[in-house]
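Heads up, the next two complexes both have chain A, just with different partners, chain B and then chain C.
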Partner chain A sequence: MNRLNHLPTLKVDTTDKIAFIYKGKKYYGAKGDTVASALFANGVRIFGRSLKYHRPRGLYSLDGECSNTCMEVDGIPNVRCENTLLKQGMVIKEQNVKGSAENDMMGFLDKMDWAMPAGFYYNVMHKPAMIWPLAMKQIRKAAGLGKISPDYEMPGKFDEVFLNTDVCVIGGGPAGMMAALCAAEKGLRVILMESRPWLGGFFEYRSGVYKDRQTLHDRALHLANEVKAQDNIRLFTHTSAVGTYNNNLITGFQIGKKEDVFDERYIEIRANSVVVAAGCIERPLIFDNNERPGVMQIGCALRMAKTYGQLPGKRCVFSIGHDLGLEAAIELHDLGLSIACIADIREDGQDTVLLKKIADKKIPLLKGWVATKAHGRKIVKKVSISSIDGQISKTFSCDLIVASAGMTPVTGHITVALGTLKYDNHTGFFLPDQMPEKMYAAGRIFGLNDPISIEASGMLAGLKAAHDCERGSTGSLGEIREAEKVMTGLPGPVRGTKLVTAPVKGRKSFICFDEDATIKNIKQAIEKGFDVPELIKRFTATGLGPGQGGIPGHNLPLYVARYQGLPDVSIRPTNVRPPLVPTLISTYAGVNHKMFKTTPMDEMQKKDGGVFRNIGVWQRARYFSDDFSCKKEIENVRNNVGMLDGSTLGKFRLHGPDAVKALERVFVSDMSKLKQGRIKYSAMCNDDGCVIDDGVVVKQGENDYYFTTSTGRAGQTVEWIRYHTRYDGWNFAMVNLTDSLGVINLSGPNARKVLEKIVDIDLSNEAFGFSEYKEFMIADTIPIRAMRLGFVGELSYELHVPASFMKSVWIMLKEAGKEFKIQNFGVEAQNVLRMEKCHIILGQESEQRTNLLDVGLGFLWDRNKAEAKTVGSVALRQAEGDKTRFKLVGFKTENNSRAPRDGALIVDDKVRGYVCTARDSFSLNEAVGMALVEAELSQIGTRLEIYEDECGDDRIYGKVVAMPFYDPEGKRMKM
Partner chain B sequence: MKEIQRVSPVGFKSTPLKTIKRDNWEVVMEYSGEGDGPWLVDLSHRPRFDLQDSNLEAFTPFGLTIPKVPGDCVLENGVLVNRMNGTQVSIYNLEAQDISMPDESGYTDVTESTICIALIGKETFSICEKLTALDFKDPQKKPPFLFQGPFSHVPCQIVTLSKEGDKSGLVLTCSRGYGRDMIHSIQDAGVEFNLNPAGETRFTNWIRIGSKIS
Partner chain C sequence: MALTITCPICGKRNGYEFKFGGEEKGPRPDEKDLTPTAWCEYVHMNKCVAGVQEEWWFHKDGCGSWFKIHRDTTTNLEMEVPKVKHPAAKIGGGKSDEQA
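Up next, the complex of A and B:
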C-alpha cells in the first residue's frame, strides 16, 4: 500500500522497513507501525474470528477496546495488535480459527445463534449433569481466544517501579497536559501517564484550528514540548493506568521502548492528588453486522490516515452522531477517500462551519439518518441506511463504514476509586457525580468539545490538585476561583445523541464484540427478568471479554433503560474493575526477587554437599547426601560427632530493671530463681494456653537475660512481649540478636574431645555439666556463649558465635574433628534424632489448638507465680481437668512395618488423632513416632489404626509406648 | 587454621584493588572498575549500637544529642544517631575511628545483627524506587532522616544522608541473613544505572562532602 507520506501528524517512518512473518510469509511494515496497522497496510482485513459465532473481525477502534484484533504474536496469544508496536522479526498468527481467519470452518456457527440464546449455558448445560463434562470440552475447543501451554515460559524482561508524587495526572491529552503544567508551576512533583506512545490525545492527529490559525496538532506539540521541558514533571508515555485505589494509589504498566531495559514494567504510584483526564472513547453504533470488517469508528478511520498514513478504504459511508465524524469526513475526503454519503443521527445541532465545508465539497449529508445494516459475507460490500424512524432507506456500495453513535467518557479510573456517576440528559453521558477525595476530572470526560474549554478544565483540575498539596495553605484558592470564572465564559458540554440502536430487530446487532452478545440477547435477558445491567452482564456475558467492557460500556445501561421504557436513566453502567487495561501477568509479577535469609555457614555447607530447602524465611541445609533418610548423618551423631548449623534459632537479649517481670509474663516458668550459669528450658503460651514457642533462658548479669526461641517465631517475639506488657509501664529493653549470632550444635559422644582442642576451659562434666551455660573466648579473640543441651539426645554443645566469626569457628571445629571424621548433619537428621528422644518441635508436635499440657510440658508451668499474670495461665487452669483434650503419645508400628507419613490420621470409625512425626529409626531398628490422639487412646499399649491418604483398606497399625524411645534415662546427653 | 578472620555478610564479585586489615575484618578500600557512580559500598564492618531506655534524654551517645522526633537523625564526626521511636535509638559509626560501645546500661552492640551498606551517587533514588515505595525525595524531609520500612520486601532501616542530585546517598541496614539476596536485588535494580561496588574510601570521601551539602 502506498502511504500518505506528507502528513505532519504521521508517526510512522516508511523509509525504515520492519520485516515480520504473518502466517508463514514475510511482510514489511514501517517503523512506528502497530502490528494491526502493518497488517492492514499489507491488505489484511480479517484479523481473527469471534469467540462464539466465529464471525470475521477486523480493525475497529485502534485502541484495543475489543478483542477484534487479538492475535498470537511470538507465541503469546491474545496480544492486542492495535496497541502493540511492530518489532523486527515478529511472528504473527491468527487465533481462534479452524483453517484461517479468511476461511474458518467453524464459521457455520454464525447461523446457529438461534440455538444459543442468552443464558444458553445456564439453561441447557445443567441437565442431565452427565452431559456437562463432555459438552464443556467441546465448547471449549470451539470457543476461546488463543491457546497457551501451562508450561509456557514468558520471554522478555519485566520490571517494576514504585513512585511517589504530589499530583498524578492520568491522560496526556490537552486537559491532562494543562493540569500537569499547572501543578508543576507550583513547584510540585507531577507524574503524567499517557497510554499512547506520544502526548497529545484528542488534538494530536487533527488538523482543525485551535486558535489563530494554529492547528490542534501544532497545539498538541506545543503543549507536549512544554511538559517535556518541566523538570518536575515525570512523563510516562505508552503507560496505561489500570487501577485507582484508596488514598490515591494508582497502578499501571508501561511498554518499554527499544532502548529501555524492560519490555513491560509495573508502575505503582502514591499520589497526594489525582487528575483524571482520560477523555472519551466512541460509543459504538449498533446496527446489523456492526462489527463486520470494514466497519470502524471515526477515530480509527481518521488515525489510520493521519497517524499511519493509510486510507482506511476506497469508498465510504459515514454513519455518525458527533461533529468529529463531520471533521473526519472532510479530512479523509481531502486525502482522497471517496465519500458516498454521511448519515448523521442528529437532525440539527451540527457545527455550521463543518456543514459549510461539507456542502462546499459536495459530500451528500443526510440528517436524521443512520446505518441499519452492513452487507458483505466477510467484509463490507455495501451498507443500508435509513431515517432514524426506519421509514425510508437507501443502500450504498462501499468498502468502509465509519460508524459511531457519539462519545462515551472514560470514567473507569473514577468508579474504580469508588466515585459515582449520574446520567446527564444534555450530553447523554454518565458524568462524574461524587468524586473520590482528592481526585479531579478534566477535559472531554465532561462532554466538552471546544479546545479552549478542554484546556481550561485541565487547568482548573490542576489547580485544585495542587491546592490539595499545599497542606492547609489557601494560596491557590484565588486562582481556582478565577479559573472557575473563566470556565463559565467558555463553551460548555455539547449536546449528545440519544440514539442507541438503529431501527433493527437486533439479531445480528452486536452490543459486545468480545462475547458475541447481541441486542436480541439483551432483550432475552430482560424478558427473563434480568432487568439491571449488572445481572444482564452476568447472564449474557456482555462486557466480560478482554476489552474490559469498552464496547458495551455505556450502551448497555442506555439500551436497558430504553427497552424497558424507564422514565429516566436511573440505572447505572456496570462496575468496571482493575485492570482497566489488560496486560501480562508477567508484568504484575515484576522482577520477583527471591528474598531469603541465609546463615553465615550457607556457602560452606553448600561446598560440603548440603541440600538446601526453604524453611520459613530461611534457606537451610536439610540433607547432606542424596539419601534423604539421613542414615549416615544420624549414625554419625549417635556414634561419633556431628556439626549442625542452628543459626536460625531466635536469639534475644532482654535487659533492664523490669526484665525478669517481662520474662515471667510470657514464659510459663518461674524465672526469678534463675541463677547465672544455669539454663532454664521453658515455653510460651497464648491466652488460650496453647503453646506457641519454647526455648532456653540464661541470666547473663544483673537484670540482663539472653534467651532463644524457635526459628519460626523469632520474627514475632519482640512484638509479642511488648504486646503482653503494654499496660505495665515496665522499664526493660529487648534486642533481637537472631542474625547477630550463629549457632553450631556440636553433638555426639566425641563432641567434648573435639571442642577441647580449640578452647582453653575445662570441659569435663564436672566443670561444665548438662544444662549449664558458659562464656569464654577462643584464641583470645572470639567471644563464645556455650550451652550444654541435648536436643538430639547426645552429649552436645550449642556454641553461640558472633556471625562474622562463624566461618572461623566452623573451620576450627572441622580441623579439630578431622581425626574423628566429624560430619555435618542437617535439619532432617536433627528431626529424626530429637524424635527418637521425644523432644518436641512446636508446630510439628502441636497445632493451633494444642496446649502446654497436651504435649506433656505441664511440668514447665509454675502455678504459684500468680503475680506475674502469666499469659495463658488462666486457660491452662481450666484445661487441667479437661479429659476430652488430645494427648501426645509415642507409638511403635506393629510387625516391623514402615513408619506412616507425617500427618496420617489415627482412626477407628472416626478420626481420633493424627501422626505428628514418624520415622524408621536407625538407632532403634524399628519405626517410631509421636501422635496427638484423643485422651482415651493415650494409654500405654493402646492399638492405633493409622490411615494414610489413598491407602484404601491398607492400614498401618501401631501401639502406644512409653516415651522417650531412645536413652530414656538421659545418660547420653549428660555424659 | 591460619588466621581468624571476620566475614562480611556482603559479597561483591568485583576485584578488590586495595584492602586493609581492621579488627579481624578484611576491609576493601577500593575495587577495580568502580566507575562514575552510583556506587554500592559495604559498611557491615562499621560498629553499630542499639540504645534503649525509657529516658533517652539522659543519654548523649558519643557526645551527640539524640533527636527528639522519631525519624530524625543527627550526623556528626562520622557518627549517625537515628531516633527510632520513643525509647530506642540506633547508632552507626560510619567514619569515626577508635570508638567503642559506651559502658552505660542500655547499649547493645548490634554490628553483627545487620548488613550495613551505602548507596551513593547519581541515580541513587532511581535504584531505590525499583525496590521500595518509600518516598526518599519527600520535600518535607530534610536529611539526614530515617525510614523504617520495606526495601525489596525486607524490613530495613534506611537513613537518607543527601538528596542532592549526583551527591545523593543513603545508608541501609537489614537483617544480616538477607545480605546475599538484598545485595543481589540492589545490584540487579542498579544495572541500568551502571551501579558498581566501591570500597570504603569512596564512602568516606563522599560523606565528608555529602554531610556538608545535606
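Up next, the complex of A and C:
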C-alpha cells in the first residue's frame, strides 16, 4: 500500500521497513507502525472473531478500547495490537477462529443468537448437573479469546519503580501539558503520564487552526517541546495510568522503548496533588452490524490517515454526532477519500466554519440522519441511513463507515479515587461532581472543545494542584482567581448528542463488542427484572471484557434510562475498577521472582553435594545424596559424627534492667531462676495458649540474655516481644543476631573428640556438661558461643559463630573430623533423628490450634507467675482439664509395615487425628512416628487406623507407644 | 497501598512498610479474678468502627517500633489526633481524652 508520505503528523517512517510473520507468511510494516496498522497496510481487514458469535471484527477505536484487535503475538495471547508497536520478526496469529479469521468454521454461530439469549448460561445450563462437564468442554472450545497453557512462562523483562512527586498529571494532551507546565514553573516536581508513545493528545493529529496561522498539530509540538525542556517535569510516554487511589497514589505501567532495560514496568507514584486530563473517547453509535470490519470511529479513521499514512477506505459514509466528525470528513476528503454522504445526528448546532467548508467541497450533508445498518457479510459493502425518526431511508455503497454518536469523557481515574459523577444534560456527559481531595480535572473531560478553552482549563487545574503543594508560591491564589476569570470568557462545554441507538430493533446492534452483547440482550435483561445498569452489566456481561468497559461504559446507563423512560437525574454510570487499562500480571509481579536467603555455608555445602530446597525464606541443604531416606547421613550421626548447618535458627540478644520481665511476658517458663552458664528450653504461646515457638534461653550476664527461636519465627520475634510489652514502658533492648551469627551443629558420639582438636578448653562431661553454655575463643581469634544440646539425641555441640568466621570453623571441623569419619547431614536427616527422640518441631507436630499442653510441653509452663501476665497463661489455665483436645502420641506400625505419609489421617468411622511425622527408622529397624489424636486414643497400646490419601480400602495400622523411641533415658546426649 | 502512616521515629512513610496491630484496647488486664468472658472480650472482640479509630501499627521495614495512629476506616486515611471530642465523631477503642 502506498502511504501518504508528506503529512507532518506522520509517526511512521516508510523508508525503514520492518519484517514480521503473519499466519506463517512474511510481511513488511514501517518503523513506527503498531501491529494493527502494519496488518491494515498489508490488506488485513478482519483481525479476529468475536467471543460468542464468531463475528468478524476489525479496526474500531485504534486505542485498544475493545478486544476486536486482540491477537496472539510471539506466543502471547490477547495482545492489544492497536497499542503494541511492531518489532522486527514478530510472529502474529489470529485468535478464536477455527480455520482463519476470513473463513471461520464457527461463523455459523452468528445465526444461532436466538438460542443464546441474555443470561444464557444461567438459564439454560442450570439442570441437569450431569451435562455440565460435557457442556463446559464444548463451550470452552467455541468461546473465549486467546489460548494459553497453564505452565506458560511469560517471556520478557519486567521492572518496577516507586516515585514521589509534587504534582502528577494524567494525560499528555494540551490540557495535561499546560497543567504540567504551570506546576513546573512554580518550581515543583511534576510527573506527566501519557498513554500514547508521544505527547499531543487531541491536538496532535489534527490540522485545524489553533490560533492565527498556527495549526493544532504545530501547537501540540510546541507544547511538547516546552514540556521536554522543563527539567522538573519527568515525562512518561507510552504509560497508562491504571489506578488512582485516595491519598493520591497513582499506579500505571510503561511500555519500554528499544533502549530501555525493561519491556514493561510497573509505576507507582505518590503525588501531593493530581490533575486528571485524560480527555475523551468516542461514544459508539449503535446500529445494525455496527462492528462489521469497515465501521470505525472518527479518531480511528482520521489517525489511520494522519498518523500512519493510510487511507482507511476508498468510499465512505460518515454517521457522526460531533464537530470532530465534520473536521475529519474535510481532512480525509482533502487526502483523497471519496465521501458519499455525511449523516449528522444533530439537527443544528454545527460549527458554521466547518459547514461552509463542507458546502464548498460539495460533500452531501444530511442533518438529523443516522446509519441504521451496515451491509456486507464479512466487511462493509453498503450502508443504510435513515432520518432519526426512521421514516425516510437511503442506501449507499461504500467500504468504510465512520460512525460515532459523540464523545465520552474518560472519568475512570476520578471515580476509582472515589470521586463522584453527575449526569449533565447539556453535554450528555457524566461530569465530575465531587472531586477527591487534591485532585483536579482538566480539558475535554468537561465537554470543552475549543482549543483555547482546553488549554485554559489545564492551566487552571495546574495552578490549583500547585497551590496544594506547600512549596508552591503564596501568590498562587490570586493567579487561580485570574485563571478562573479567563475561563468564564472562553467558549464553554459544547452541547452533546443524546442519541444512543439508531432506529433499529437491535438484534445485531452491539452495545458491547468484547462480550457480544446486543441491544436485544439488554432489553431481555430488563424484561427479566434487572432494572439497574449495574445488574444488567453482570447479567449480560456487558463491559466485563478486556476493553474494561471502554465501548459500552457510557451507552449502557444511557440506553437503560431511555428504554425505561427515566428522568436524566436518575442516570448513574456503572462502576469502573482498576486496572483501568488491561495490564499484564507479570508487570505487577515485577522482578525478583525467586527470592530466598542463603546461609554462610551455602557454597561449601553445594560443593559437598548438598541437595537444596526452599524452606521458609531460606534455601537449605535438605539431603546430601540422592537417597532421600538419608540412611547414610543418619547412621553416621548415630555411630560417628555429623555436621549440620543450623544458621537459619533465630538468634537474639535481649538486655537491660527489665530484660527478665520481658522474657517472662512471652516465655512460659520462669526466667528469674535461670543461672548463668545454664541453658533453659522454653516455649512461647499466643493469647489462645497455642504454641507458636520454642527455643533455648541463656543467661550471658547480669540482665543480659541470649536466646534462639525456630527458623520460621525469627522474622516476627522482635515484633512479638515489643507488641506484648508495648504498654509497659520497660527498659530493655533487643538485637536480632540471626544473620550475623551462623550455627554449626556437631553431633554424634565422636563430637567431643573432634571439637577437642580445635579448642583448648576442657570439654569433659564434668567441665562442660549437658544443658550448659560456654563462651570461648578458637585460635584466640574466633569468639564462640557453645551449647550442649541434644536435639538429634546424641552428644552435640551447637556452636554459634560470627557469620564471617563460619567458613573457617567449618573447614577446621572438617579437617579435625576426618579421622572420625565426619560427614555432612542435612535437614531431612535431622528431621528423622529428632523424631526418633520425639523432639518436636513446631508447625510439624503442631498446627494453629495446638496448645502447649497438647504437645506435652506443659512441664515448661510456670503457673505461679500471674503478675508476669505471660502471654497465653490465661488460656492455658482454661484449657487445662479439657478432655476434648488432641494429644501428641508416639506410635509404631504393626506387622513391620512401612511408615505412613506425613499428614495421613487417623480414622475409625470418622477422622480422629492425623500423622505429624512418620519415618522408617534405621536406628530402631521399624517404622515410628508422632500423631495428634483425640485424647481418648492417646492411651499407650491403643490401636490406630491410618488412612492415606487415595489408599482405597488399604489401611496402615499402628499402636500408641511410649515416647521417646530412641534412647529413652537420654544417656547418649548426656555422655 | 494508598495508606501512608506517620511513624513517630521515621516520619510519614508508605503503608507497605507497616504491619497492623489491631485496635487500641488498653493494657492487658490483671489475671487475678479474670473471667473467661472478660478475657475473650479483651483478646478477640473488636469494635470495627466505620469512622475514625485509634489503632496500633508496627514499623516492620523501618525502626521496628509499635505506635498508635488514628485512621478513618472508611477512607483508609490517617487522621490528625482528634483534639476536642465531638459527640458525632466516633472514636473507636481506648480511652477518650475526657476520660483520661
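The working rule: the second predicted complex is superposed on the first by the 966 of 975 C-alpha atoms of A that agree within 3 Å, B and C clash if a C-alpha of one lies under 4 Å from a C-alpha of the other, contacts with A are read in each partner's own complex, and residues count from 1 in each chain.
FYI, a contact is a pair of C-beta atoms (placed from the backbone, for glycine too) under 8 Å apart; a residue touches a chain by one contact, two chains touch by 3 or more.
Worth saying up front: this structure is predicted, and the values here are computed from it rather than measured.
Judged by the touch definition given at the top, the superposed model places A:719 against chain C, while chain B stays out of reach. Legend: residue contacts after superposition of the two complexes on their common chain; A:594 is shown touching chain B, with no touch to chain C.
In the superposed model, A:639 makes contact with neither chain B nor chain C. Judged by the touch definition given at the top, the superposed model places A:270 against both chain B and chain C. For chain A, the partner with contacts to more residues, out of chain B and chain C, is B. Shared-chain residue A:739: touches chain B; no touch with chain C.
Residue contacts after overlaying the shared chain place A:812 against chain B, while chain C stays out of touching range.
Residues 162, 270 of chain A are contacted both by chain B in one complex and by chain C in the other. Contacts from chain C toward chain A in the complex involve residues 1-4, 14, 19, 21, 26-28, 30-32, 34, 36, 39, 43, 56, 58, 60, 64-66, 75-77. Residues 159-164, 189, 261, 268, 270, 591, 593-600, 602, 617-618, 653, 655-656, 731, 733-741, 779, 781-782, 802-808, 811-812, 815 of chain A are the ones touching chain B in the complex. The touching residues of chain B, counted against chain A in their complex, run 1, 4-9, 24-25, 45, 50, 52-54, 87-88, 105-106, 108, 110-114, 129-133, 135, 137-139, 152-154, 175-182, 184-185, 188-189, 191-192. Every residue of chain A that touches chain C in the complex is listed here, in rising order: 162, 245-247, 249, 270, 418, 687-688, 718-719, 722-724, 726-728, 866, 869, 873-875, 878.
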